[in-house]
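Both of the next two complexes hold chain A, though its partner changes from chain B to chain C.
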Partner chain A sequence: MTALSAIALSEDRRARAAALVQDRGLPHRRIEEWKYSDLRAVLGEAGLSAVVAQYLIRNLPHGMDVWDLSRPDAPAWVTDNFARETGNTMNAASLAVADAGIALRVPAGMAIDDPLKLDFTGAGHVRALLVVEAGASLNLVEGVVAADFRNVGFEIALGEGARLEHVRICPALDGAVLVEEAAVRIAAGATYRGHFTGFGARLSRMELEIALEGTGAQAHLSGVALLDGRHSDITTHVSHLVGDTHSSQLFKHVAAGKGRAVYQGKVTVAKGANGADSSQTAKALLLGDAAEADLKPELEIFADDVKCAHGAAVGDLDAESLFYLRARGIPEAQARRMLLQAFLEDAVAEVGHAESREMARTELLAALEKVA
Partner chain B sequence: MLEIKNLHVAVDGKEILKGLTLSIGAGEVHAIMGPNGSGKSTLSYTLAGRAGYDITDGSILYKGEDLAAMPPEERAAKGVFLAMQYPVEIPGVTTMTFLKTALNSQRRARGQSDLDAVGVLKLVRAKAKALNVSEEMLKRALNVGFSGGEKKRLETLQMALFEPSLAILDETDSGLDIDALRLVAEGVNALRDPARAMLVITHYQRLLDYIVPDRIHVLAKGRIVAEGGKELALELEAKGYEHIVGQAA
Partner chain C sequence: MSSAAQKETRKAVAELGDKYKYGFVTDIEMERAPKGLSEDTVRYISAKKGEPEWMLEWRLAAFRRWVQMKEPDWARVHYPKIDYQNAYYYAAPKSTPLKQSLDEVDPKLLETYNKLGIPLHEQMALAGVAVDAVFDSVSVATTFKEKLNQAGVIFCPISEAIRDYPDLVKKYLGTVVPVTDNFFATLNSAVFSDGTFVYVPKGVRCPMELSTYFRINASETGQFERTLIVADEGSYVSYLEGCTAPKRDENQLHAAVVELVALDDAEIKYSTVQNWYPGDEDGKGGIYNFVTKRGDCRGRKSKISWTQVETGSAITWKYPSCILRGDDSVGEFYSIAIANHFQQADTGTKMIHLGRNTKSRIISKGISAGKAQNTYRGLVSVYGKAQNARNYTQCDSLLIGGECGAHTVPYIESRNPSARIEHEATTSKIAEDQLFYCLQRGIPQDEAVSLIVNGFCKEVLQQLPMEFAVEAQKLVGISLEGSVG
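Moving on to the complex of A and B:
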């Protein structure tokens, strides 16, 4: 596991990450959090050695700072936020072996309208860091390009009162194995909105590790998985570390053919984090007997005065609604598409950035043509 | 217009309609009255083509064609409209989008060109006013949060919009107060037409004060047990169903 031009990291830190990976090996289905996404089975041990994944900045808004993570002597805004300790195996793997990475910053107080467009490409491991400093705001549009295997370790830090909307749209990638972990730290009064629309891959895993670290911090997560075959796993862990923090989650899945939709969402409210407010909804529609959905919302509460709601439901299209539409002259296939779109719509509507929302909607409509 | 002969319909293997025969001509308004469980809703769903309503014997001819062989959307395009007792709520589909999609689907099936959004809006507005269907209702999700009266008004608006040849009104009076009932009845009466047949299905005589039928059929235990003019409704109101059902049994 020797990288030729590894990302700049202390030998110590790299060694610790490598040791964690060495110790655990590739995640597999007998590890609870990976039960529905057996990475070892699809990859074998080969996955951890490829090191050529890259990033591509397709649009860099004026005013942002950029730092290539393979350069030595990183500035403080990078070293303060990069390579935080984590128990996450795949995150450690990318730290240990990635040879490419990018750090981006919106300086304090700067509001940027023009979206940052960032793609991850190629096979292997890649790191990214995005810092949105106090009072700053940004829209991030993340693109996903096909690869046999890619592991993205993404760290995001929001300063006090900062605002970030992060939209990731992943096309249908039949042969791809894609793993990404976004670790998001949110300071007091800051808001993170994350939306994840995906059409599935051979194995697709998007993990969100959200830390609400300051009073008034908010995280709003939403997403849609539309799977005509293929696999999509959204795994979230939202930690309310202090009181008066707010989180919401709304995930909608449609699985057809041999599609498999996974949602695992854990919300932790730390001791003393009174006044935390969290809601969590995951729903799936299964079209056909071979489709599968595994929805697992979970609450872990150590505080006394909190408001937490969660729910999950798996079902089929409503026969009565379908009949109603058909009895008004709408052909069956179109009526099914209307109902599927209606089912997904509230999650799509969570996207605040109009251009991204329309893009997500357009891609969904195109995919629905094939599913229904 | 509609010729039903010896119709037998089973739901979940249980026979509900047991040899129903009924004929409605163009321009006529017929009422079907009957107690709960007599098969009124089964008849309306069967005519509209809902899955799970199995015709085990008999026939339904609509304008000379075999209605039973058509999927629900084809029946709608050919002019069969069922105003439902319980219109479904569909979150995520706005009422206006639904109306436009339905209208253009029917037009397309008839070989007509689509109306654009402006054309549909004009048409809807022209009909909505008389039925007190507001712009705000049209923007809301289909039937979601609508009161009973609003739902029935929207059903009536659809009837006005689609201009069916055969309109079936299933318990249109249920859940309506007297003002709402009058409004809906006026909307229905405005659609009376020499080219249009109507079948009004109701438990109570009340609705027939407002939508006066040419002929009344009494349905009990899956078949027609009595027929007559509009005065039959008054007799039923005065003496109850048991009287007539008992006579026929």
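Moving on to the complex of A and C:
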């Protein structure tokens, strides 16, 4: 049980995490950030188990360092970056409980084309750490495997000028309750691109805590939720801590049946972070009378010389576009699929890694056959 | 924006030797309830107002509920804990009861209104505006009663309505903002001292703009206004609310409740200019403004429109909302919120779409300067049966200086596939080139800022009735004095 605390995690740090969870309890809908994802209601009496989930490395590119977090005497690159304070309840929960986890590193200056493929499996809590050192670059393809309940605490650190593309594709997982927090720290001149495509679960929550820590740091987030029933919640918090930092967000959601698509995005510009540039777009289409879309694009700005904009829209397919296609002899079902595909495509096009992009496209097309 | 009006205002401010034009205290003998809040206080207020038993019971039920409630803490406002036992809940000038004509009114009171720039005599002459002036909780002068009577419009203090029209009050009071709605609304339900009641009968277009000037006067008295406006089928009414408060150092609590009911084909237009004492440049003093305002579009094709210009108060906590219950009903919210120095504003709206073909429109302009924090917090919620609901929201924030904050927290919830909701928001600062252009043409910096900000707010200012629009433009200028440079 205490294997993790033997190394990267001090007893003190673990105790603090446990106290935080004890104090706050399971997140539920009366907690503002969890308004649309009632974790307590779906987990019920079972609550947070002390079970440990697992990870599986499907492809490890040559040149990367790997460290099993349950081993003692972790190297400095692990201890320097692991278990940073966040104040996030679920992140604390995984720190308090998990005694399995993986740390990975791309050494400084190394550019890797071959993608790192990492899956999280099993039920319970698990930790992961990925360090991309200065000037290095990597593609990360994250896979999600079904589980009754899993909570992943993921920490990512990008050194100066580093590049990371992170693609996570989550299949439709009917009975699963999946929670993941990715805390990403981005140094000067570094770029993080994150793409999150999901088909929903009983409760699915992907939370991104992005810190733009150095001048010229960039974060570009995109995602698609295509739900035929089920629930999907993407919650982001991008902090522009210094000036001349850039962030963009583009999320497209489609909910059919009893699907519930949630997007909560917060952009914070710290005092004095002049020259911050941020954009945020979230759009949702509802295809069924029982479907629901909830959008909350939030801005929190403490500096005056900034460019911040957000837009959000919820609606149905454009009747005129549909008519246009049908007037040209395209059957309605096919016309709807074409329009839905077009609606989602600009978020999919954000994926730079070709193999992942094609995979996302293929799965979206297959799912569209069913909903429209 | 006429710079003549600007100069005139500036001169008036200079004459008073202070930035806050309305910071003076009228010395009139006051009658007060004992300090503190208990069932006895509630009974005292009810007895003072000569209320029937049912009203007292209503208040007591609210009080018993309030005792168990917790003060909300979700808004982005920070203030020292309020000691609810260290305040007076009732204060009335001793020169009551109501007078038959203005000549009988205490001349000191009339003088106060003159200083505020709303001389009643002049108002009467201007025609088209009837004033029900509230001076620390008790209505002292009501004009244009006759003309309104002819039209069948009831426009009177709510205490009078409780006595004279108990059936109407019983039917509508607390139906839009329930007694248990929230901490401040429940407090208001228990201790409200007075306010305004308006009833516009079927098919009547109210012949004039109705207007109430609120004024907080006696030291340490929170003011708890209760306003109820009912527009019966096919009627129309435009209501203006304007506020100023005298300057003092203690923070004053204001927890008003406004309820609007629009039945079939009725329309209510509610406009506010709020200019209460915002505290001084170091954040000392100022009014705490915790207000619950809600309109219920109960009937088909009804419409409720809120327009607000919020420049005053140390803290503003206010979300004028519309429940779009009737099919084809329309809700609108136009807002300008200006926060300077240490002011904190957390304001916005809720549009609850319940009926078919309901439409709503939200235009919010937030301006932050100095060390102020300004938050737009809003909800657009479309329920499953709201076929073809439509919403458009635009939230713009303007920052002046690097010490202030501008925040936007919109919630969008849709449960109907035929609904269309659009939301846009931008945040920017006053463009250097615009400022330079004005300065280069000899317009002083303060006036240039006022000009640019008035342009930024134009869409909202246009919604105000003419008399208010002029006052509001002046206020925009005064509120931002010295914020640049």
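Here are some notes:
Simple rule for what comes next: the second predicted complex is superposed on the first by the 361 of 372 C-alpha atoms of A that agree within 3 Å, B and C clash if a C-alpha of one lies under 4 Å from a C-alpha of the other, contacts with A are read in each partner's own complex, and residues count from 1 in each chain.
Simple rule for what comes next: contacts are C-beta pairs under 8 Å (C-beta built on N, C-alpha and C of every residue); 3 or more make two chains touch, one makes a residue touch a chain.
Keep in mind the model is a prediction, meaning the values are calculated, not measured.
In this superposed model built on chain A, chain B and chain C occupy separate space and fit side by side. Remark: in the superposition on chain A the angle formed at chain A by the CA centres of chain B and chain C amounts to 80 degrees, rounded in steps of 10. By the document's definition of touching, of the two partners only chain C reaches A:Val306; chain B does not.
By the touch criterion defined above, A:Asp174 lies against neither chain B nor chain C after alignment on the C-alpha atoms of chain A. In the superposition on chain A, A:Asp316 makes contact with chain C only, while chain B stays out of contact range. Contacts of A:Glu345 after superposition on the shared chain: chain B is touched, whereas chain C is not. After overlaying the two complexes on the shared chain, residue contacts for A:Leu286 are found with chain C alone; chain B is out of touch. When the shared chain is aligned, no partner comes close enough to touch A:Asp80: not chain B, not chain C. Residue contacts after overlaying the shared chain place A:Ala327 against chain B, while chain C stays out of touching range. Taking chain A as the reference chain, the count of touched residues is higher for C when chain B and chain C are set side by side.
In this overlay, which is a superposition and not a single complex, chain B and chain C have their closest Cα atoms 14 Å apart.
Counting contacts by the rule stated earlier, no residue of chain A appears in both its interface with chain B and its interface with chain C. Contact residues on chain A toward chain C in their complex (touch as defined above): 32, 271-272, 274, 284-316. Residues of chain A that touch chain B in their complex: 318-321, 323-332, 334-335, 338-339, 341-346.
On the side of chain B, the complex with chain A involves touching residues 48-51, 71-73, 75-77, 82, 84, 87-88, 90-93, 98, 101-103, 105-106, 109, 158, 162. In the complex of the two chains, the chain C residues touching chain A come out as 74, 382, 384, 397, 399-429.
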